[in-house]
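As written, the chains take the letters A, B, C and D, and residue 1 is the first residue of each chain.
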Amino acid sequence: MDENLKARIEESFAAQTMMQTLGAEVASVTPGEVQITAPILPIARQQQGFGHAALTFALGDTAAGYAALTMMEPGRDVLTAEIKINLMNPARGALLRATGRVIKPGRRLVVVSAEVHAEDENGAETLVALLQGTMVPV
Amino acid sequence: MDENLKARIEESFAAQTMMQTLGAEVASVTPGEVQITAPILPIARQQQGFGHAALTFALGDTAAGYAALTMMEPGRDVLTAEIKINLMNPARGALLRATGRVIKPGRRLVVVSAEVHAEDENGAETLVALLQGTMVPV
Amino acid sequence: MDENLKARIEESFAAQTMMQTLGAEVASVTPGEVQITAPILPIARQQQGFGHAALTFALGDTAAGYAALTMMEPGRDVLTAEIKINLMNPARGALLRATGRVIKPGRRLVVVSAEVHAEDENGAETLVALLQGTMVPV
Amino acid sequence: MDENLKARIEESFAAQTMMQTLGAEVASVTPGEVQITAPILPIARQQQGFGHAALTFALGDTAAGYAALTMMEPGRDVLTAEIKINLMNPARGALLRATGRVIKPGRRLVVVSAEVHAEDENGAETLVALLQGTMVPV
């Protein structure tokens, strides 16, 4: 089942040109949890040279959305109704890793959260952002 | 003064490679309010072909951040501490226009909001998203 | 119609014991906008003697919820799915006035905002809090 | 040290009349985590007879604020700059238990979260709400 789940998410992910622009990849898919990774590309910086908040948001929101999708029937798609991000540390290093999780599944609303960590060349992690939001099946 | 203000913001904006990647421009700057516009580029789509939530977020967050910067002394920079986005309509049409506004200025925290509208070829507007957040001077 | 609307909201409001505990009243009802007022009672203070954040939240959330209810068919009730509050000034003075507004009506989700102002003895207003959230019809 | 910490928080808590109105108590204090409990009093209901969202908010916000205070020097007080709540299940049962945690300490901003669970007569727990916010030392 997880292979089907991963295939469904990979297919949707491949249709998101923004994900390709940012160099993002689906790193793992399990029921209720999805990880997305991306480098901090030169094209995705803010004014101080760190990864842009919109990059961090893109990864966290996408990981959270696909985490919600793992709890829905095949054929459904998912949209973000709302999401909030607290940014805590600069997005710098070798890689950003967003982990999206389902907090409360539901037929009409799915409450989700996501953590985005930056990983340096030695694999040391720093928490860059925490997100909390609501996904809706469509 | 507004010319200086605009120059300060244009300079910071030019250093954000993410803004260039998304084709964004500073459309207007007045004390407490900044507008950013961008097309919905083929590289910035979600899985249904609409503009990605991260595009809408990028414009709204940036407009709100620069609105906050208009209330700060020269030489300061601004970071997003946290921001929340409610997404209401698909990002489609000729242009997205984000209008960021200062709700409450402050030395330590600046409360901001932003509206992001989509404009079609005839200039008709649809509200795509509403954001509310907190900027910090650095 | 507005009289019926007001009667529906007054009936629901009267069933909320928390509103009576806080001394709150429905001050005005129009389609898409509801005002709730309350004094800052001695029983509803925080540690510095100002009105508690939960008082401000209670009024803003309730005004926003009933604003959403004005856009729904009779017989429906409304619940808060999520809401965010930015607190900007202490809740002090003669009265708190919460104004809830519908930003985007919808059959499944209603996006709302609310402002909470404090009014002093001379009627001068200070913005205490801004809320943005999502209501769901039930 | 934890005894001093608990004493500091108990003292501040005792000055919050809203907490007494709601019947709330400090259940536990450790560095970075505080629990607050309260019954669902008849005076704190919403229109369907469940605990009011403002009760849930009050407990979650207070637990999160005091969690932040555990990371600050003696003599400091803490205020909520902003907080977001996702409400997931009705507040019903014998008791509400809010657990506030520090996500990221800081001199100027402290990022916090809180979970609010309802406990029934048998001690079974249901997640009522999740909060994420920003506290500021004053």
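Rule of thumb we're sticking to: contacts are C-beta pairs under 8 Å (C-beta built on N, C-alpha and C of every residue); 3 or more make two chains touch, one makes a residue touch a chain.
The model shown is predicted, which means the values in this text are computed figures rather than measured ones.
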More C-beta pairs touching across which pair, A-B or B-D?
A-B
If you average the CA coordinates per chain, which chain's centre is most distant from that of chain D?
B
Computed distance of Cα centres, chain D from chain A, in Å
29
Mind checking the centre-to-centre distance between chain A and chain B? Centres are C-alpha means, answer in whole Å.
21
Can you compute the centre-to-centre distance for chain B and chain D, using the mean CA position of each chain? Integer Å is fine.
34
Multi-partner residues of chain D (each touching 2 or more other chains)
81-82, 84, 86, 111, 134
In the complex, go through chain A and note every residue touching chain B.
12-13, 15-18, 20-21, 42-48, 52-55, 57-58, 61-62, 77, 79-87
Within the complex, which stretch of chain B touches chain D?
81-82, 84, 108-109, 111, 134, 136
Residues of chain D touching chain A in their complex?
84, 86, 88-89, 103-104, 111, 113, 127, 130, 132-134
